[in-house]
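For clarity, chains are labelled A, B, C and D in written order, and residue numbers in each chain start from 1.
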């Protein structure tokens, strides 16, 4: 009824989740299930998706026939590294074209290197990848990434792993208002209300990892996030009441029965 | 599994809703249903619950055998008015003891008159009422109301009908930490994330009216609020990740596969 | 040119400061001087203003012929204690009538007991005291205190000693808009910008203690606070620009010379 | 005692102001004077600094022997335009090398085009300009601009002309912590407290235009801003008290005299 469409594919869930930082693959699996996510992102450079046959394979927890896998370039600080990692992912995943591009600029903040991100996006789009792209919350950069042909733009809410929530709602709102491709908040969500806020701003989806994986009870938090994303989306569609300092002075007095 | 208990009765839903400002009784009914609320509050002085047999009866939309009715004293600016309204409600509702007390101090802000509220609460508790009480967000007043025997304390998040959200989370948190009775945020919620924030602070429930009734699509907003309250509660129980300026510098680099 | 008038006396400075928590009386004296304060508040129950002749006398640091002394009832949790403390102050200070009333409700939050505060204010006003009164940020309570005859109403910005800044600007603004007596923010200011915000909301003054006394360099912070209060007052009087999401689209393009 | 040093020159004032949007040159002059600014920025493409001999000359209001002029490239949307404008400024101002670079990305938000800004900065530095550079609040971009040889980096607080204040204090703080050149907040300040906040975050200065020019009383606001910048700087140097939810429970009770 209100599907998320990315690169021509249709999803019911607007919550995308990562697979890092879980205790074990079983916890990963249970959290993914509880979240209702249909798109699951995988840090190609840190995950075993078959490269090491003697180790547990992440794809057992998130089978590709059930989930849309979204290989990402976490840990890449150069255009070359990011591009190479995407090519590797395509090879490992039998021609899979959908990737999440990250070109990081700084190991402390994990902020993107936007210049490198733009350069890598351009290369990857030309090579036929469907690029979902992590970026800062600058509206001009976001628009440029869309113009380069990225299939979704994913501004951060706050630094990766910070849990600080939507630091600059105005920027996210401006990005959403300008966009013709899906905008998904990526990074910085810490709890359920943060996810709801992102959706109320009109974002098309939210991607998160740490907020679930580092909750005391990750499975319960995954379920909370599922509901929060749905709640935020419905609140956005429902059209919230205006903010005002007070209710209109007259209304509370009108219609007294006694 | 995680019930809300008020005055000895057990509820699955932690969302309480009002019945004012709807287009008609059918909209009221559909919103109440979509919200999943089990406790529904009624402004006795403004609602027809049978006093006027020729007019539509609110109880047709929210039948007492299905919902816990919570008569409230909206529109009362004196102790006497509030107490009298509660007695009237008890009479109209065949001995029903559960009430929501409001003694308003100011027709503009609709802030409570806390002195009057304390006085009325004392009288009503003595007369055997089970008093849920609307108050400001002052932790000392909240505790006093609990000590007087109120069965639930309901601090405002922001002025009634303002939709401004939780203006002072520290105060709500302090009230929650000090309380032995349920704390429900009453007034000021404007959209789904506001409700989630209230629950994440540890509140036992949320009561709202305008946020649903004045949404462009009230029924959809009611459903959003249902999910938001559940999401916020689950996030609270799940135990959120800590906020930090950045992810720890080492973690994102660990475990590289290539 | 823009004097603060309290109880008929005129002051140039809108910064009032406390005398607690300093290293020694010399630091107290230097901070008071750097702050430019003309009204200095003294916790009667904790300060030696002559009761103990063998100890350093606070009045040596803040001589009554140079400053308006404002004895306060810090540490009083009952109406009786507060009233008695004011009477004692009047006696110790030779008929001095100006007092700052605090009736605390809770040793943890140091929130006022507003019921007790109202009762004590009524008694003190009748006994001829000029009562400046510490209260929460509830607009209804603030108005009631004014109506009882208090000469200034002093809502908290945040808990005493917290340094959290103006937690609920809407409430402070509403109190200011409703008031006919001076409104001074009392408690919660942590740094210079907090004081400026209070003044920009239209407050007539700010009282602080911990923000200066617990700064690493209290004298420099006192000077910062002096400037911040003046800056905030002038910005209030100057009438700030409207907030808008962007500058008007046309203006930045107009008037190009080349 | 605490000078601002930019490109080897020393300034007492940390407030830089623009010259646009004033009623006339006399108002410009009086505001510049009231602000105490020593560096004054001029939109070369929109100002007459002698190009048109028949029109009022801005340099009469801000004589170059008294102020450090900072020609800026406001209105430039391409690298070429910005570079050319700087060269023109150097010519008009007899070899003046200090410029403020802006390469705008979007006429609505007036956000910078960071890619273009980086490119233009590189060219200008090579041509011997001393480049102060307007940028977004991305810490990675800010660092890159410093590494290219810019003499000061000037992140926005909020969109130019918005008056929204410091939207993302964490980002500004991170930029400050990483920097070896002066960081000045440029754009978005709306009132005095905003300027104080910028300085309390450790910024070396603040540049503003609209906040003064569009105040109801621009001269008074200029004076307010002067004090606010000084207050914020001193508060930063003084070292603020820690934020805490409450004062320590014991301290308020200690040392009672009665």
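Criterion: a contact is a pair of C-beta atoms (placed from the backbone, for glycine too) under 8 Å apart; a residue touches a chain by one contact, two chains touch by 3 or more.
Bear in mind the structure is a predicted one, so any value in this text is a computation, not a measurement.
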Shortest walk length in steps over touching chains, chain B through to chain C = 1
Inquiry  = Counting residue numbers used by both copies over all numbers at the interface, does the chain C-chain D contact come out same (over half shared) or different (under half)?
reply    = same
Query = Among the chains, which has its CA centre at the largest distance from chain C's?
reply = A
Inquiry  = Based only on mean CA positions, could you tell me how far chain A sits from chain C in angstrom?
reply    = 47
Inquiry  = Using mean CA coordinates as chain centres, what's the gap between chain C and chain D in Å?
reply    = 33
Query = When the C-alpha atoms of chain A and chain D are each averaged to a single point, how far apart are the two points in Å?
reply = 34
Ask   = Among the residues of chain D, which are close enough to touch at least two other chains?
value = 109, 159, 164, 170, 174, 245
Interfacial residue positions of chain B with respect to chain A in the complex = 21, 44-48, 51-52, 74-75, 85, 88, 107-110, 159-164, 190-193, 195-197, 200, 210-211, 214-218, 220-221, 223-228, 230-235, 237-249, 251-258
Ask   = Hey, which residues of chain A end up touching chain D in the complex?
value = 105-106, 109, 111-115, 118, 136, 138-141, 143-144, 158-159, 164, 167-168, 170-171, 174
